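Chain nomenclature is as follows: A, B, C, D and E, assigned in order of appearance, with residue numbering initiated at 1 for each chain independently.
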Amino acid sequence: MDKDLILLFLQQGIVSGMVVGSVYALLALSIVMIFKTSEVPNFAQGEIFMAAGYCALFLLVFQATPVWLAVPLTLVVAFAGAALFRRVVLTQVSRASGSPVNLVIATLGLSYVLKGLVRRTGFGDTPRSFPALVSTDGVMIGQASITRLDVAIFLTALAVMAFLFCLFAYTKVGRAMRAVGMNPKAARLMGVDLQRIHMLVWGLSAVVSAIAALLISPKILMTAEMGGIVTMAFAAAIVGGFTSLPGAVVGGFVIGIAENLVGLFISSRAIVVAPFVAIMLVLIVRPQGLFGGRVAIKKV
Amino acid sequence: MLEIRGISASYGRIQAIAGVTLSVPDGAVVALLGANGAGKTTTLNTISRLVPVTAGSILFEGRPIERASSHAVVRAGISQVPEGREVFRDMSVRENLEMGAYGRSDRAGIRQDIDRAFDYFPILKERLQQKAGTLSGGEQQMLVIARALMARPRLLLLDEPSLGLSPVLVEKIFAIIRRLNADGLGILLVEQNASVALGASSYAYILENGEVAVEGRSADLRHDDSVRRTYIG
Amino acid sequence: MRFLAIAVAAAVLIALPLVTTGYVVYLANLLLTFTVLCLGMHIVIGETGQFSLAHAAFYGIGIYAAGIAGTTFGTPFPVSILIGGLAASAIGFVIGMVALRMRDIYLALATFAFGEAMQWVFLNWNAVTGGPNGLRIAPARLFGLELVTDKDAYPFVVATAIAMLVLTVIVARARLGRSFRAVRESEIAAQAMGVPVRRTKVVAFGISAFFAGIAGGMFTLFSTYIHPDSLGFQTTILVLTMVVVGGLGSIGGAVGGAIAFGLISELLRQAPSFQEIAYGAILIVFMMYAPKGLFAFLADRFRGARHA
Amino acid sequence: QQEPGLTPTSIKIGMFAPLSGANMAYGFDVANAAKMYYDKINKEGGIHGRKIEVVLEDDRCNANDLVAAVKKLVEQDQVFILNGGSCSAAVVAAKEYVVRNKVPLVMLNASGDGALYPPTDYIFGAFSISQYAVGGAMIDFAAKTLGAKKIAYVNHDDAYGAWNLEGAKADAEASKVDLAVESVNPTINDVTAPFLKLRAANPDALLIVTYARPAALMIKKAAEMGFNKPIILSVTGTANLSQLMQNVGGPDALKNFYFQDVLADLPGGPKIKWVYDMYKQSYPDLAAKPDHPQAYMPYGIPSAMSIVKALQAAGPNPTREKVLDAMKTLNFDSGVMAGPVVFGPSERAANKATIFIKFDGTNQTLQPGVYSSRWKFKG
Amino acid sequence: MPELRTPLLSVENLTIAFGGLVAVRDFSIAVAPGTIHALIGPNGAGKSTTFNCISRLYRPNAGRILFDGQDITRLPSSAMAGLGIARSFQNLELFNELTVYENILIGAHCHCGASLRDRLSARPPHLAAEIDRIIERTGLGAYRETKACNLDFGHQKLLELARALAIRPRLLLLDEPAAGLRNREIAILDGLLTDLARRDGLTILLVEHVMQLVMSISDRVTVLNFGTKIAEGTPQEVKSNPAVVEAYLGKETALHG
């Protein structure tokens, strides 16, 4: 391989990797949010993302709803649906057992239900996309070419991350969200309305996923199976330490770039396995993930 | 200000308290004593609505709260210092205190109350940015008490506040209790050290196997030999 | 009560091949295989409180190892099964030693990554696994005996499953099982009681991989073909679901979950259009109203009925 | 000895296909098509006075479930013949079982090459097309019609991909063209890497032999990166052309674009209209749903036709052996597929013929000629 | 004279810091065999941290820990039980979902016998009598089959002690065993600890804020403040040490406690 080609590959691989990584990052942010407040890895996040996408698709393409209405409507539906699930189902699950595994299995149940529902509509068979919300004209970054939409995706991921970071670190609600995750009993004694916080977290997380779905349907196309991308989001979250919001975004980039560089310099066949090798490497070197705090010995 | 009438509560099949009736008059310190496992903590937790009541009623300032949610109870003005040092482990001392003021939005007042907490427990000021989970046992206990006060409650439920504190600090805690009480705060005090508790309170209840076995003015109980022998030991 | 249950189970197991078709026996073989997978999962999650999301990978290692041993080298099947179990547990120990430096969620996710990576290896190591073309497995052999049909394999599948069940009970009751539970409940206290926490976790992980490998070996008794598609995360999740639905933390739950859920899944094939929704709904309802698992739920009802 | 599944008035056919879950699109309507064809035969009086009775099972495209379905059909329902399988890797899992039990298995639309080569007496398939032929025909077309000397080839990293690549390699060798191959996973999200590598090989044409989603991503990426050589898409990715146009971001991306097909006519063309009409009539509810009939629906017809023809040929007292003998000599034009169904003493793959169509986003232009592969099974 | 015998445990010049905070500084203590040695001091003085260093949960920055003459500073935490060092935890570290009996049985982890039968048995018969005795001594008889998490706080503290006893320790490190107990239970604990030291020859290092217990049973008391030793001696000596009264006891306790 000559030098120019390597240079081109590197540039394009990294730039495109960051864009796809942004998608992973957005989903990873949704996952990390929920995990921080309830120690539950939400297995339905991918399907929430998928269902939100189909909701928008239905409004935009099949009902010809104008964009300015369809987008907020989708976000509202996502918020309400997720909050309702948290309120109705998970409240009962945690009241009944309290074991996080049970909550995880319940989210798994949700993922099947959502997939089944979307398939019942009959829209799920063909890969689809709706018109890009941002123009797809090309932009050059060095020798790498991407589209305006790609830039928008990238910036959105950063903005969402910044928003969530500030929310968690600097606001009262955000502090309550963390408190609920750390010690729900004490949080109740402080007067925190657990239900509301949980619903808010789930709702917000669904909104973030919905934004991701709106932005990237032209990028990865929608199918009833698109929720499978959540695996990459989990990978991103792990690499980033699983509780860190900036970690999730950086993790997304790492995974996206790793996929491309492995594809370019090793083999296209190895693209699928790259994220998992990345996870293993990161965890072996830094068992708590890139941004996870030091695994402190519990003080007794 | 607090009226509890015949409440019962159970954990699954185990009945922890059965028909407990007690009251905390306005601005009084009332002690709740009893052996280990008598149901003292459970009683406090029914008031804070962490444990559901199966029978009976709880009135706070005349309003029934036995069906309210736990956050509504806190809003209504009842704070609890739970047993077992329930701090937010990964939050700093400051954040823990701020969580105590969750229901409030008067920034100036909160800042003032944080300063007051440091007044009570200067060590907390030195540990301000330390994660609460790494504090020493006694430091955590101080933090939990200070945190409960951050809500500016009208009624404070104290579950063994002196537990794990050095003798000097125990003295100080009771001094603080007296001071708070003098400012009009009602206090329901659960305490193992019966003589101290009776000394600090005006009225006391003694629980046995989930029921009120004895009640009376603290001063009387303190000098009642049979009570001493049977319940205080 | 317990004696009755065992008697009924024994009667069903014996009667099954006599009164039903090979199809039912095939299902029974498959369910028993999954039962052993569930027992392995139970040891690591239920007893030790550690997550392992690489179960399908160890199962796969067991299948390929046993399958290749039997098919290419013609080893008698008890040996092949053992090879499957040992191969899986050897890799399990190694992975355990690396992964168990991490805690809870990280461990779960690291094993998840390993599982995915393993599936990729199965798919791409053409020379050994046949890659995407899958691997043909010759009928299991023992001296003159050749297991061709499901009914041929059935007694041996049952025997292996029972052996593994007994092994689980022994491990759980023994000192080792106690140290697993101690680690689950409090690592710090376990350490103070003299339980070497890290080694205990590695052992639990290795044993659980061994079970998965044995399950893989069982699979080769009645199956003729394996494809990497069956060895993905879905399978791990299925096993996890079985264990939780049956009742996390109890051996009966692990066994019952495997059987109940295997049957539900097979019955759902008859209602294809609502299958996913029904499947998801069952999971949700179970978690909402029978969180301690099917068996605790039934036992409660039973007790309630007697009291009433 | 009584043949299973046979009464004086009926004959039982066991069908299985993915009726649920992720892979439903590959088989649900294909099974429906076969069923409606059997219904038609029944309405016309059945076969030698016997009505066809269909038992349908969901195989979930998963090896364990498929084997369970097959065993149920054979042992519990006692069917006479099996007609099922839409997913190649899963259907291969049933191979040993049906051969050992001597049950005829006529696949639905699975290419199933893994079960067809080496040939057995009992298994017939590739009614849509053999994957070996898919890959070979693509190369044949690119080399002959477009004069490509260096060809970029994207396929899947699964069994499908392995088979079509083998066919492609055979034809590349025969036509003396260079191949640059990238194998990707069907779940790929970013095709930048394989695309850049293929472009770097400076090919004369880009051949995409994947499902619809990776294919659309690839075509889109090519347009974004200003790639202007011909792009040819295999039949595996052509399920919905108007959607494809939207997915690649509009007609601009299709300036130099061809796709492969295995039907006898352009999609929606007059030759195969009857299939779609029949579907509408048989399943009015389904037909009203979006995306129905699913793209592969017509592939169910030739497989059902073959079974009916073989049963007719086996005479009024059919046995499995007689039907199998008849299957082996089938040679007829279904009118649905590009090529005839031809089996032979050692030939179990029904269809190997493909056509190519130029598509600019709205217009489809049939390219002259029928293409196949020069790949041969070497025992 | 306990001082003359070689100490069972001696901590030499222990120092440990967390970030900038030096929790324990150059601290030494020698615990004579068969004695009850109390370690007291204000909250945050570094008592639990010292315990954590001895039981090897924390790695000290400097200093040595000798047990029975052997340097244990670098041994793993799980080796302590085998040596005969048991501890309890101030904030409770029970095996919550297990019963009282099982909790204690795990305490006996190192004594599960060599025979296969003993190792495989759910309730090893050779331990039964010993465990029964521990349960009886700690007053947990009514709760044998109760899950630890369902006990009230006081009984949980007792279970901590019972479990530690099952290790058959030579050295018992108790972190606030009396916290949460009533006077009556404290009196029982008083008797039990004295008994263990006097009759069974156990060595006990005790961290406790309940002075009534400390002063009545300790042979020796060491006082820690801000991580350094400020006094050591008999209970009487310590009680009248003005520095201790100032920093820790307070006037009232010094007078009445």
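In this text, a contact is a pair of C-beta atoms (placed from the backbone, for glycine too) under 8 Å apart; a residue touches a chain by one contact, two chains touch by 3 or more.
Given the structure is predicted, the values throughout are model-derived calculations rather than measurements.
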Any chain that touches chain C and chain B: A, E
Furthest chain, CA centroid comparison against chain A: E
Whole-Å gap separating chain C and chain E, where each centre is the average of the chain's CA atoms: 43
Intercentroid distance (Cα basis), chain E paired with chain B, Å: 29
Gap in Å, rounded to a whole number, between the CA centres of chain D and chain B: 74
Centre-of-Cα separation between chain D and chain A, whole angstrom: 36
Contacts with two or more other chains, residues of chain B listed in rising order: 134-135
Multi-partner residues of chain A (each touching 2 or more other chains): 119, 269, 272, 298-300
Shared-contact residues (touching 2 or more other chains) in chain C: 124, 188, 273, 275-276
Contact pairs between chains, per stated definition: A-B, A-C, A-D, A-E, B-E, C-D, C-E
Chain A residues within the chain E interface of the complex: 297, 299-300
Touch list for chain C against partner chain D, complex: 21-24, 26-27, 30, 123-124, 131-134, 136, 148, 150, 223-227, 229-230, 266, 269-270, 272-273, 275-276
Residues of chain D defined as touching chain A within the complex: 21-22, 24-25, 157, 182-185, 187-190, 192-194, 196-197, 200, 212-213, 216-217, 224-226, 239-240, 243, 246-247, 249, 289-292, 294-295
Residues of chain E defined as touching chain B within the complex: 18, 21, 40-49, 90-92, 150-155, 176, 179-185, 187, 209, 211, 247-250, 252-253, 257
Interface residues, chain C side, partner chain A - complex: 45, 98-99, 101-103, 105-106, 108-110, 112-114, 116-117, 120, 124, 188, 233, 237, 240-241, 244-245, 248, 273-284, 286-289, 291-292
